[in-house]
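Heads up, the next two complexes both have chain A, just with different partners, chain B and then chain C.
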Partner chain A sequence: MVKEVERAGIPVVHICTVTPISMTVGANRIVPAIAIPHPLGNPALDKDEEKEIRRKIVEKALDALTTEVDGQTIFD
Partner chain B sequence: MRLEMGHIYIKDIQFAAESKIEDGILYVSEEAVKAVALEDEKIKSVSFDIAKPGESVRITPVKDVIEPRVKVEGRGGIFPGVIAKVDTVGEGKTYALKGMAVVTAGKIVGFQEGIIDMTGPGADYTPFSKTLNLVMVCEPVDGIKPHDYEKAVRFAGFRVAVYLGELARELTPDETKVYETCTIKEGMEKYPDLPRVAYVQMLQSQGLLHDTYVYGVDAKKIVPTILSPTEVMDGAIVSGNCVSACDKNPTYVHLNNPVVHDMFEQHGKTINFVCQIITNENVYLADKQRSSDWTAKLCKMLDLDGVIVSQEGFGNPDTDLIMNCKKIEAEGVKTVIITDEYAGRDGKSQSLADSDPAADAVVTGGNANQVIILPKLDKVIGTLDYVTKIAGASEETLREDGSLEVELQVLTGATNETGFNKLSAR
Partner chain C sequence: MAKLKVVHYINQFFAQIGGEEKADYPAELRVGEVVGPGMALTQNFKDEAEIIATIICGDSYFNENLEKAKADILAWVKEQAPDVFVAGPAFNAGRYGVACGTIAAAVQEELGIPAVTGMYVENPGADMFKTQVYIVSTKNNAAGMRDAVKKLAPLAVKLGKGEAIGASSEEGYMPNGVRVNFFEKERGSKRAVKMLLKKLADKPFETEFPMPDFDRVDPNPAVKDLAHAKIALVTSGGIVPKGNPDHIESSSASHYGEYDIAGVMDLTEETYETAHGGYDPVYANEDSDRVLPVDVLRDMEKEGKIGELHHLFYTTTGNGTAVASSKAFAEEFSKKLKADGVDAVILTST
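Showing the complex of A and B:
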C-alpha cells in the first residue's frame, strides 16, 4: 500500500515496529512504532504518559512527511 | 556432556486399576492420573481418553503434546525449573516412552490451537497421528483468566507425563543411544579437520500466550545463550504456546528435536557439532536487534564454520530469522535456515514477510495456507465448538456433510520448522 500510494504521487510515512520489513518492502519514510501487539501505544503506561508518546509518534510522522529524503530513511 | 537415552517402546495403552508398564503395554489408572492433573486448584475437572493410530478419532483443540521421560542417573530431573528443581540437565541416563504421547486439550486457551486426526488425509499431515495418545481434556474453574488457564493446562500435562515416565524407572530399555558432545577445546583437538557447526534454535516468545520456557524462564526474558544439545532431551525447553498449530514446537518436538538428532548423527563424521544456541522472537524491535546481534556474536566467538537456524511460528519472526541469517553470514559463518511458508491458498504469494540475498540456503516445511478437506470422523475428543475459530479455519469451515475445509495451519505439527514432519518442497 505504501508503494502504491507513493506511485500515485503522494508521499507516505510508514509507522511500523519491524522497520527491517519496511525497508525490505521499500518504504521511503519510516517511523518506528512501539511494539507489534501495540504499535501506537503502550498498555503498561498510564493514560497521560501514553497520550504523550502517541502524540510524539504522530508529530514525528508529520515532520517526516515534510522532510525531503534521499533514499530510504528511518526517523529514529 | 554425555547422555544415555534408553528407549522403552510402548505398543499399547490401556486403562487399568493400577498404573504400570508390562511387556510394552502402558496400563494407566484413570483415578491416579486424574489426581495428578487435579493437584492444581485452577482445574475444575479432567477427563482422559486414548486415541490410537488408524482410529476414526479427531482430537481438538490440542494445546501441547508431551513425551513421558524419566531421569534415572545424573543431575536434575525432567523439565528442570518447571516440574523438577532447577539443576543443569543433559548428562547421565534418561528413559523415554517411545511411540506414545500425552496430549493436552481443552475448551480453548488461545484461538490458535490445533487438530490431530488419527485417520484420513489429516493424519497424513500431523506427526501425532502415529503415536498412541493419552489425551487429557482439562476444564478450568469458572472465571479464570486465559493466561492462568494456559499455565494450569501446561503444568498439568507435564505432571502427568512425569508421572507416566516414573513408571519406567526400574525397567530395562529396549534400545539405548548415546549422545555426547565435547568441550570447545576437546572438540578442536579431536576433530581438527571437521567443520565446526552449531544449531541456532529460535524460540517463540511473542508473548500473549505465545511463549516458550527455558529451565522455567520465560524465553522473552533471555538473551541468546548456549546449551549442550543433550539438555533439551531432559526437557530444558518446554512449550507454553497457543500459536498456529502447524509450526509451533510442542514440547514433544523440543524433547526429540530432529535438527539436534540429525546433527548428532553426523557428529565426528562430517561435522563437529559444537553446541546449540538458543535465541528468541520478541515483539520489540530493540529485542530483535539485540538478540540477533548476540546470536551472531556467539557464532563468531565460537569460531563456527556453519550453523543451521530453525524458526518457530511465522509473520514477524520471519524478520528475526532474516536478521539472524544476515548477521551470522556477515561474520563469515555459513547458514542454512529452516522455515515454512504462508504463500496463500494458491501458493503464489510471497512466502515470508522478510527476505535477504544472504538467505540463499533455505529448507521449507511446506505451505501452511494449503487447503485440505478433513472428512467427518466418528469420534471427537475435546470439542468441535471452536473449530471455525482456530487459525487456518473460517466461518465456512464446517460443511453440511460434517467435513471440515481448513488450511494445513490447523493441523498440529503439519509444517514444523525443525523437520519433525515429512512435508517440504523443492
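Showing the complex of A and C:
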C-alpha cells in the first residue's frame, strides 16, 4: 500500500515495528514503532505518558515527511 | 548408518501454545521433543534423520527482541550440534516467516550448520532471505503442510548429508540466484523455438531467463509547508468503527474501508476497534489511537503544526492479504486522496 500511495505522487511515511519488512516492501520513509500490537502506544504507561510517546513518533513521522530522501531511509 | 540430527524451529501457534495472545512467548528449548509439524517432518525423514530438539518462540517475541532471541537460539543450536537446522514452514505468516528466515540464515552463517526453511512466496521473509538460505516454496496456509514437508524433509536430508543440491525447479526451493554451469541436451536455438511455439499456442512454458522483479518507487519530494499541509491517515492495522460495519475480514481482506472522522477528536473503546486477526487485539480495542494516532494529530491541528487532518481515513487488515489485493486497494484510495488534495500520508502497520 505504501508504494501505491507513493506512486500516486503523495509523499508517505510508514510507521511500523518490523522495519526490515518495510524495507523489503519498498517504503522510502520509515519510522520505527513500539510494538506489533500497539505500534503507537504502550499500555504499561499511564495515559498522558503514553500519549506523549505517541506524539513523539508522529512528530518523527512528520519530520520524515518534510525531509528530502533519495532512497529508503529509516528515521531512528 | 546413524540418523542425521535435526533441530527444528517453530512458533507458538504451531507448538499449540496459543494464538496472537501468546505471540510474546519467549524462546524455549525442548530437548528430545518432536512438536507439531515436527511429526510430519519425522515421517518424511523416514529412517534418515530425526529431530533431537525443538525450539519454540512467539512471533512477536522474536521480532521485538531480535538480538536476544537470536543469541539464545544460536547458543542452544550450537549445544545440540545438529547436522541440519529446519525452521517452519511458515506459509503466509509474515512475522513467522521473517523469524524462520532470520534464524535459519544465522544458524548457517554463524554456526556453519546447513539450514532450510519453507514459506509462501509472498511472505516478506521470502524476499529477505531466499538468497541466504534454501526456502522451500509452500502454499499460503497450513492446509499445505503435507505438500510442504514432502519437499522440506528430503532437502533437509540432502543438506545434512552434504549432498549436491539440484536446481530450484527440481528440489522445490525458491530460486536463489545461484547459477551452475551444465550441458543441456538440446542446443539453445532449438529450445527457444520450442518455447516460442508453446507461447504461440498459449501453452505453459518455462523461461530460462526470468526477469527480476524490481518494483521500487522513487520517493516523492518532501512536504514544504507542514503548517498548511493536509495529512491523511491510512492503516493496515484494521482500525474500524465499532462493530466493523463493512465486515472487513480478519485475514485475507477482500476490501478496504473509508471512514469519516470529521469532528472525531479521540478514538475510544466505545467507538473504534480493530478487525485485524493477526495480532493480539486487546490494546487496539482499548484505544485505537495506539494504531491510528487521531488524538495527537488533532492536537497538532489545533496548535497549527499541521494544516489539517483529512476527514477520511482508509483501512484494511494486512493479515495474509494478497499483495495484489493491497496494491489494488491502495491504487484506488490513493486516487481519492489525490483528488481530495491530500499533501502527505502517514501509514501505520502492526
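Keep this in mind: the second predicted complex is superposed on the first by the 76 of 76 C-alpha atoms of A that agree within 3 Å, B and C clash if a C-alpha of one lies under 4 Å from a C-alpha of the other, contacts with A are read in each partner's own complex, and residues count from 1 in each chain.
Keep in mind that, in the parts below, contacts are C-beta pairs under 8 Å (C-beta built on N, C-alpha and C of every residue); 3 or more make two chains touch, one makes a residue touch a chain.
Source: prediction; values computed, not measured.
Asker: Which partner, once the models are overlaid, touches more of chain A's residues, chain C or chain B?
Answerer: C
Asker: In the overlaid three-chain picture, which partner chain does A:8 touch, first (chain B) or second (chain C), both, or neither?
Answerer: So A:8 only meets chain C here.
Asker: On the A-aligned overlay, A:69 touches which partner chain: chain B = first, chain C = second, or both, or neither?
Answerer: The answer is second: A:69 touches chain C but not chain B.
Asker: Now for A:30: first (chain B), second (chain C), both, or neither, which partner does it touch?
Answerer: neither
Asker: Looking at the overlay, what does A:17 touch: chain B (first), chain C (second), both, or neither?
Answerer: Both partners, chain B and chain C.
Asker: Figure out whether A:58 sits in contact with chain B (first) or chain C (second), or with both, or with neither.
Answerer: Touch status of A:58: second partner only.
Asker: Give one of first, second, both or neither to describe whether A:41 is in contact with chain B, with chain C, with both, or with none.
Answerer: In the superposition, A:41 contacts chain C only.
Asker: Give me the intersection of chain A's contacts with chain B and its contacts with chain C, in residue numbers.
Answerer: Overlap of chain B and chain C footprints on chain A: residues 17-18, 20-21, 24, 35-37.
Asker: Hey, which residues of chain C end up touching chain A in the complex?
Answerer: Those in contact with chain A are residues 20, 23, 60, 63-64, 94-95, 98, 124, 127-128, 215-224, 226, 231, 234, 236-237, 279-284, 286-287, 289-293, 295-297, 299-300, 305-306, 316, 318, 326-327, 329-331, 334-335, 337-338, 342-350.
Asker: Which part of chain A faces chain B closely enough to touch in the complex?
Answerer: My answer: residues 17-21, 24, 32, 34-37.
Asker: Spell out the part of chain A that touches chain C in their complex, as residue ranges.
Answerer: 1-18, 20-22, 24-26, 28-29, 33, 35-41, 43, 50-51, 54-55, 57-58, 61-62, 65-71
Asker: Taking the complex as given, what residues does chain B use to touch chain A?
Answerer: Answer in residue numbers: 206-208, 283-285, 288, 316, 318-319, 322-323, 353-356.
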